[in-house]
Structures are given as C-alpha cells and as structure tokens.
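In what comes next, subunit A is part of two complexes: it sits with subunit B in the first one and with subunit C in the second one.
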Partner chain A sequence: MAGMGNRVLAGTDRALDLLRELPRLSLSNIRSNPKAFKRNKRGRGQHGGKKHGAGNKGSGQRQNFMRLGYETGNNPFYLRVPKEPYYKGHHLRREYPPISLMQLQTLIDTGRLDTSKPIDLSALCNTKLFQLSPLENQYGFQLTDEGLDNFKGRVNIEVQYASEQVISAIERNGGVITTAFYDAPSLIAMRDPMKFFASGNPIPKRQMPPENAVEYYTDPKNRGYLADPDLIALERFKLAQKYGYELPDLKKDPELLPMMLERKDPRQIFFGLNPGWLVNLKDKKIFEPEDEQLLEYFRS
Partner chain B sequence: MYFTNLKVKIGNLTFLFVTHITNGTGPKLSATRAYLSGFKSNLSLEKLYPTSRLDITTIPKAPESKDGKFSGYIPMDKIQVNYVRSGGPGGQNVNCVSTKTEIRFHLASADWIPEPIRVKLAERVKNQISKEGYFIIKSERTRSQQLNLADTLDKLRNLIHSVAQSLVVPEVSQETLEKQRRLRERAARERLREKRAHSMTKQGRQSPTLDS
Partner chain C sequence: MHFTPPGERFVKRTFSSASNIYVANQIRQSVQNKVKEMANITRALHTSFTKSIGNSKTTSKILSIPFNRFASTDISSTTELAEQEVLNEKQLAAAALEAKRNKSRLKPRHYKILHGQMQVDPQNPEFPYEKTVKFRRKLIAQHGLATGINLGIAWSTKEELQEKTEYEKVAHPFTLQQIVEQKKKLREEEMKKIETRQKDIELKMGKLALWMKELKDRQEKKEAVVRAAQEKKDILIEEVRQHFGYVVSMKDPKFQEMLEQKEKEAKKAGKEMKKKVRVEKATSKALAQAEAVSTGKEIKME
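For the complex of A and B:
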C-alpha cells in the first residue's frame, strides 16, 4: 500500500493481495495432498495384468502345483482323519416330540382333553402343556408306549406317528387312531389357532407328505390318513388277533359313532373349516373365496 | 345355515362374505357318516380309492379252520388271560406290577383247533397241561402285559403251526421215488467199488506169499 512508506510487505499482506487476484475455489482448481490417494497401478491383462497374481518364479508362477490336500509326502489330513458323518442330513430329518399314553390318560382324567370331540394336534397344543417348533424340524407328535398297560381312554386321536402296540392300546379301548402329515406352515397355523386367525390370513391347504413319508402314510398298518379305510378295517382285525383282544364294534355306540368316524380331508387343517376360508373371530364371521380360480386351487 | 351374498375385496382377491350361523341344537348327526366332514378336495379318500367302501368299522368274518388245517384265528372269548407278578430281580417294580401273562384254555374241548392237530398237540405239550386238562402258556419276556400277551399268543400259534407241519405227509410222485431209489443204489455201488479198490491197495502193501 502506497501510503505506508518503505515498509517491507509482510507475508500475510502478499497472501491477501494474491487472494484478491486469484479466481474462486472450485473442484477444478484444487488438488489433494501428495500420497493422499493411491493410484491404481493395474496392469491391463485379463486376469489382473502383469504377473496375474502368480508371484515371482517358482512353481507358483509356473502353475505347477501339487494336487489339493497333498502335504509333500506325509499322510495328508484328508486321509489321516476318518469321516464321522454323525450329522449328515440332520437338517432333513423330521422330529416328532413324544407324548406318552400315560400322559394322555392323565390329560383325559384331569379333564384337560375332551374325549367327546376328536383330538388332533391343535387340541394337544391348546392344553399348553406341549410345545411344538416347526422351524426346528418338529413335524408333530408321536404317541409312545409308556403307560401302555393302564391306558383306558376311548378317543378319536390323530398323531403323526404311533407304533403298533400304541395303536393296539387305543383300538382295544374302542378308540380310533390316525396318523397324518402336516407341513410346516400348516403346523404353525395349528399349534396356535387363535393367533393364526388373528393374523388375517386365509387357512392354507395342507401339502402332501414328502417322498420318503408317502409310504408310511399310505400304509393301513400305520393307520395312515391316505390309506384305504377298508384295508384299515382289516388291519384292525389282524392287530386284535395279534395282541389278544376282541375288536370292539364301533357301530354298537350310535351316539359316538359320528365323532369316532370324524376325519379331516387330506388338504384340510382344522375340523369343520375349509382351506381358503378367512376366519374373523372378533366379528364372528367367516369369509369364503368366490373366485373360480381360487376355489379350484384350494380344492385341488 | 343362513348366509348373505356380500362380496368383499381383500387385496386382489374377492371373497364372499358368508355368515355361518348354526341353530341351537347343533349339526345333524348321521348314524354312519362323520358329522363335521364337509370339505372334499381332489385328494380325498373317495377320489383316491373310488372302489372302496371307506368304512373302518367293518369287522371281517373270522377265517374258519376246515379240512384239518388251522386258519390262525384264535377266539379270545375261549381263552382265559391271567396277569401275575413276574419273577427275577427288579425291586419294588417287579413286586408290585403284574407283567407276567398267562393264557389257558381247555385243550380237549378247543373246537377252534382241528381234531388231528389237537391230539398231536396234547401229546407234544403234555407237560404243560394241568390235571383238569387246561393247556397253560406263560410269558414274562417284556415289561409290558400287553406285549407279553402278544408273545403268549405268538407261542401258541407257532406251536399249532409246527404240529400241523409235522402231520403233513408230503405227496411224493412215482418219478421222484424211482429217482431216489436209483440214486441210493448208485451210491451203494460206488461205495463198494471204492471199498474194493481200497482193499486192493491194502493187500498190495502186504508182503508177497510164496504161493505158486
């Protein structure tokens, strides 16, 4: 500045002068500090350029590798250590948590189960004494033979597995037992029906059993739900002969007969409710699909 | 059943609004059909087994034991079943629980076993028949009464079956008898031939005698 005499211009003054002349800062006139960003020094070849990740000289760069698992002569790990396939396919194995006949008798005696209605998975879960987690590969309940000799209940029960002596115990007392398959979404609906109805989803249709279970559920010996009822009648007679009891005539009790004969359709989940129906408990209404395609889907 | 026809759209799906109201007396009960079963899909038992009567209540007629052959049917009303305490160790459980199963029936008057089998059976098991003529079978094989009962019946059936088998004389054809006779004679000839050859060998080992 002229009026200041012969004073030497300080650095700040010079800087400020410069700033007055220089153009405005923008992306086009700034530069990052050196070594702030690493430049990509890639070679341009198909597999990453220059040495292609193969290093320098040696068997590595010359691609002359030994076979996978080879440990330069000593017994390799994959041969040394034996296979122990304890859990092979465990995620595919279905589980059936047990309910003993003794427990069943106790439930009937204490009034937790109503024998005047058919007992199915929903009825057993509604007692809140048994938990079922379909997401952990549990596909229903199996009836075990503990308490076989003292079982006296007359029931129409549907489980997922029962052995021969259990079937005989149920039938010798004038009951009916059926083994049925339910897929995971159906199980989730069945184990807590109130929660399912509150969710506002239509009742799904039950899927068919997987291939390795079809034989079991179509066998009259297992009282499968897909087996021929005439053959089941024959098997009832044969089992009575094997286990030494007179097969009770179900027709002798005409009041209980309709309840004893009650069975679900293979696509049905709840007694008296069709797949595709939407149940509204709050307003006590049921919604049915009207669309022909939907009806065909739920019926097929 | 009373229902109204009100269409309700939920999302992309049209639902028919149907009020299901039942009367106070409940659903009509039929004597032979189940009372709640209304829904029939394409996979219902009627479609899977169109020729079947679909009746699990039928009790088939018991097979008869005729022509001296046992049919396998044991009438349970003619057999007395008894449960007693088993032997052996087991503490309180074995002392209190009756798991040994015993079945008995009067063998001589058991019409359900054919006569020839009955006679032979009486001879075979004479040590298990009481003074009054009751044949007794026991089992304490398992821990369950019912399974032991099944075991006793299994034993009984196997006994009757084996007795029946021993009574059966197989009919052999003339050709087979001829063949068996020829084979026996050939075996005898062969045996004698070998015997003679062996004899020559042994004689050959003797020192020669000075006979001219």
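For the complex of A and C:
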C-alpha cells in the first residue's frame, strides 16, 4: 500500500481489510430477515396451557382490563399534575457565552490577542481563557457592552452575536465586526484546531444557519455574514450618525486594509483553508481529494 | 540454576535430557566448530569489506559474533549472503547495545510513543482497534506518509457521502434565498395585519364621541321614565296622606278606594273641561259670525 500516488480507492481497502478479518460464515453468525418467520406467542398446551398465563377470575382472566393510567376511580397521576411549560423548548435554545469589551481590551493590552490578524472564535479559544462546549448547545461567543466606554482597540473581530452599541463601539475605533454562524461540528474543529488536525479528518463544510437564525445573519444591521456588504456599509454610516461619532475611513491605513476587510466564505471555517482539505502537520502538507463527487460536495 | 552452554540449550529442545549426554556433547563440539568457521569467514570478509569501502567509518576491530540458535548452520559460501549477514549482525549488535542502555522498563509500545516513533506496524496490526478507520486516520495525522497507509481513508466513501447529502437535504430543505423570501412574506403579513387593525381602531375612535352621546341619551331617557313614574306615585301618596292624615300603604284597600274616587273625579273634571271648551268654542264661533255679518253689511252699505 503506497501513499498519494496509489489509485486504489479507500473504500476498497476498507472492504478488503474487513474480508481479511471477519470470521467464516456459519449458522452461529447469520440470522433470518426480520419478518421471515413469526414467533409463536400463545401458550398452546403443556406448560403454556390450562390458564394460559391469565390467572384466576377477575378482570385479568376475563380479559376486561382497565385503561392504562386508570387508578380505580381516584384522580390518576397523569391528570393530577398540571402542565407547567416553563422550560418548553429549552433544549432547542442556542446559548452564546459572553465576552465583554472590557475583557477584549484587556486581552489586547496584555498581548494575548494579536490585532494585526483577524480575531475569530479560534483565536479567542486559543487564548485558553474561554471555554466553549457545543454539545451543551453553546454556539459561539457574544460580545457584551461592559467596558464599552473605554474600548479603544482597532480589531477585525468575528463573533456570533453583538448588540448595536457594541457594534458602534468597535466601528468607532476603526474596526470591523461581523456576526457569523457555525454549526456544532465546525465549532468542535475551531475551538481546538491542533486536536482537530491530530484526528486526521478533512476540514468540514460549514452548514447554513437554522431557519430562526437566518433573519439575524442576513440583516446588515447586525453585520451578518450573509448580508449584502453594500447595505452593511450603509448601516455603518447610519450607526455613526445615530451614536454621534465620525465614521473612520478604513482606507486611511492601506497596510492594514486587506486584513480589515478579510472575511470568511460562508462555508469556510479556517482562514486560508478550504473545506475538504486534509491538513497534515507532521509532513507539513495539505491534501485535497480528487474524486469528483467529493469535490462537488465540498464546493457546494 | 546451573549454567548451560549455548549448544546444550539448542540440543535440549530436540533430545531428552538424561540419556544422550554423549550425543549432546558431540553435537556441541560440531556446533562450536561451525561457529569458529563462521568467525573466520566473517573476519576475512570484514577486512575485505573495509578495504572496498575505503574511507568508511567502520572500525577495524572485529565484532564478536553472538551465536544465533535459530540460524541455519549450513553456510552457502556466496559473498552476498555473507555481507547481508554482516549487516544483520551489525544491526543485531546495535540493537543489543540499545537494549542494554534502555533502563526505562517501559513496554516497547509505550517507549515508542514516548519517543514519537510509530508504535504500531500498519501492515501487521496487532490489536483489532489498529484496523479501525478512526485509528488509522490519527496515525496518518501523527506520522504522515511514513505510515504507508492510503490517505484516501480520511474522506468518506460513496455510501457515507450519499448519507451525508441526504441528511443535509432533510435538515435544510430550503435554500437560503427561499428562507429569506419566506421570512419576508411572513413579516409583511404581520405588518399588514397590524395595519388593518390600526385602521379599524382609528375609524372606531372617530365614531366614539357619537356613540357615547347616544348611550347617554338612552340612559337618560330610561331614567326620566323611571323618575316620572316615581314622582307620580309620590304625589298620589301625598294626596292620600293629606286626605287620611297618615301614610297609607299602596296595597291597602283604602288606598285603592281613594284611587277610584280620584279617577272618577278626574273623569268628571275632564268631562266638564271638555264641555267648557266646547261651549267656549261655540260662543267664539258665534261671535265671530256675528261680526262677520255686521262687517259685511257695512261693506254693502258703503
């Protein structure tokens, strides 16, 4: 078995491995199809006979059973307790652990965050100061307005939720803020990239947001990643007027401009890496699939 | 445990220990001779080998050859095989040296993991988990192309891809544009509803003053009727009280008699009034006629 140059498909390799290791077919490791034969349920004679498992007299033997839950007249349990839907649908609600602007400023000042590069969820998780567990319905970070007045950092930041004041605070200092959605597998890859690369899986394709989040992420007011960039520019201007600051011109600093304008594709997870690529840190190489179907899947 | 020389160890595998000591000794002798032969050959080869290499880093010292009891004792005297044997023996010697140096008492697998070496042989898997796709992917991630595993296992098979696409279709039945349109429509409908309701309310607010007035009038009417009846009653009671000297109950028969009397009187009075009115009318009419005649005559006279 060779490396990249081998044209044998991975699926066949797996199949052959299986064939080599599975045991010989025998009566002990095969079974009939699910409904090939019916099991005899009724006790007909000998020890399934006489009372046929129905006992003596009573509603049991006479096959006149009470309905399930009935408690011979008193108010049954399933009717006693009234419905109290306080937590209805709580398992479907998405959570966004907060990061305050004060914390962000501290991170920038202490050098834990590099403002010369875009800040996204990976960068925030790499500081090891914030934990994210997608399996507990946490879908990313929200930027809160604590420390809003003293925020002076100029950043290109991507979070999952930010209120209007926070957006204004970032833009007032010449920064760029975007709100983006990541599905659970993408989040797991993002929060610990080294561990993800060590698993040997190709970079997954980011999914579209669920229906109840589409409106938020397509709205230029929220600087959604699916919104029209022209409308976002308009909203920037409007916000500046609303909060009474002069909108800084991003083009004044041409060195930082490309970094400031750098945004991810809706299907992209890591900057500079496409979905479907296999990153190998040992050989310092990136591998791409050649199969058309796979390519089609990852490009769609 | 007494020391058994190497030849005897080999012999004891095939012969029973007790009886054939003489035989064993003979065999041992022959084996030892063979070993000496091997040593001589390798010595000669070693010197020739070093000469052919020239500036090699090999030492001129002759290595001690450990007796390998699993090696075949009949030696074919081709030089290639001998050279290979020399190399193998070198490697063996080096490995033996390393084994002596390694005091960690770690299992070989663990030692390798610690030193970042491949702890498994992908071609000869020892445990079942080494054959799983998940493990092999991790192995590739750790050791790269050196594993010799087909990199294609990292991506999904055709069936898995089909399943994925199907799942995505079911999870996201609509495209982004479709959802955006749907939401737009929803919001528009909501706004419409609110607007129509607001308009309706405005209209009704305009009519509110009128309705209030009407309601008040209706209420006042009812009240007036009730008040009038009450007042009538009070007057009657007062009159009856005046007559009798005390407040007579409405249900008392005296009260009823009084009422009847009153009615009669009222009727009478009414009749008289009518008569009066009739008489007055008549007289006034007559007077008027008379006047008219007189005036008429006067006119004629003139």
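Side notes on the structure shown:
FYI, the second predicted complex is superposed on the first by the 218 of 300 C-alpha atoms of A that agree within 3 Å, B and C clash if a C-alpha of one lies under 4 Å from a C-alpha of the other, contacts with A are read in each partner's own complex, and residues count from 1 in each chain.
The rule is simple: contacts are C-beta pairs under 8 Å (C-beta built on N, C-alpha and C of every residue); 3 or more make two chains touch, one makes a residue touch a chain.
Predicted, not measured: the structure shown is a model, and the values here were computed from it.
When both complexes are overlaid on chain A, the residue A:208 reaches subunit B and subunit C alike.
By the document's definition of touching, neither partner reaches A:68: not subunit B, not subunit C. By the document's definition of touching, both partners, subunit B and subunit C, reach A:226. Contacts of A:234 after superposition: subunit B is touched, whereas subunit C is not reached. In the superposition on chain A, A:291 makes contact with both subunit B and subunit C.
In the superposed pair of complexes, A:25 makes contact with neither subunit B nor subunit C. Counting residues of subunit A touched by each partner, subunit B versus subunit C, the larger count belongs to B. When the two structures are aligned on the shared chain, A:14 is found in touch with subunit C, with no touch to subunit B. In the superposed model, A:278 lies in contact with both subunit B and subunit C. Comparing which residues of subunit A touch subunit B with which touch subunit C, the overlap comprises 208, 226, 278, 285, 287, 289, 291, 294.
For subunit A in complex with subunit C, the touching residues are 1-4, 6, 8-11, 13-14, 17, 21, 197-202, 207-208, 211, 214-215, 218, 226, 276, 278, 280-283, 285, 287, 289, 291, 293-294, 297.
Remark: subunit A residues 145, 148-149, 165, 168-169, 176, 205, 208, 226, 228-230, 232-234, 236-237, 240-247, 249-251, 254-255, 257-259, 261-268, 271-272, 274-275, 278, 285-291, 294, 298-300 touch subunit B in the complex.
On subunit C, the positions that touch subunit A within their shared complex are 122-123, 128, 131, 133, 136-146, 148-158, 161, 164-165, 168, 171-172, 174, 176, 179-180, 183. Residue ranges of subunit B in contact with subunit A, taken from their complex: 7-8, 10, 13-20, 29-45, 48-49, 52-60, 72-74, 76-77, 79, 81, 99, 103, 144-147, 149-150, 152-154.
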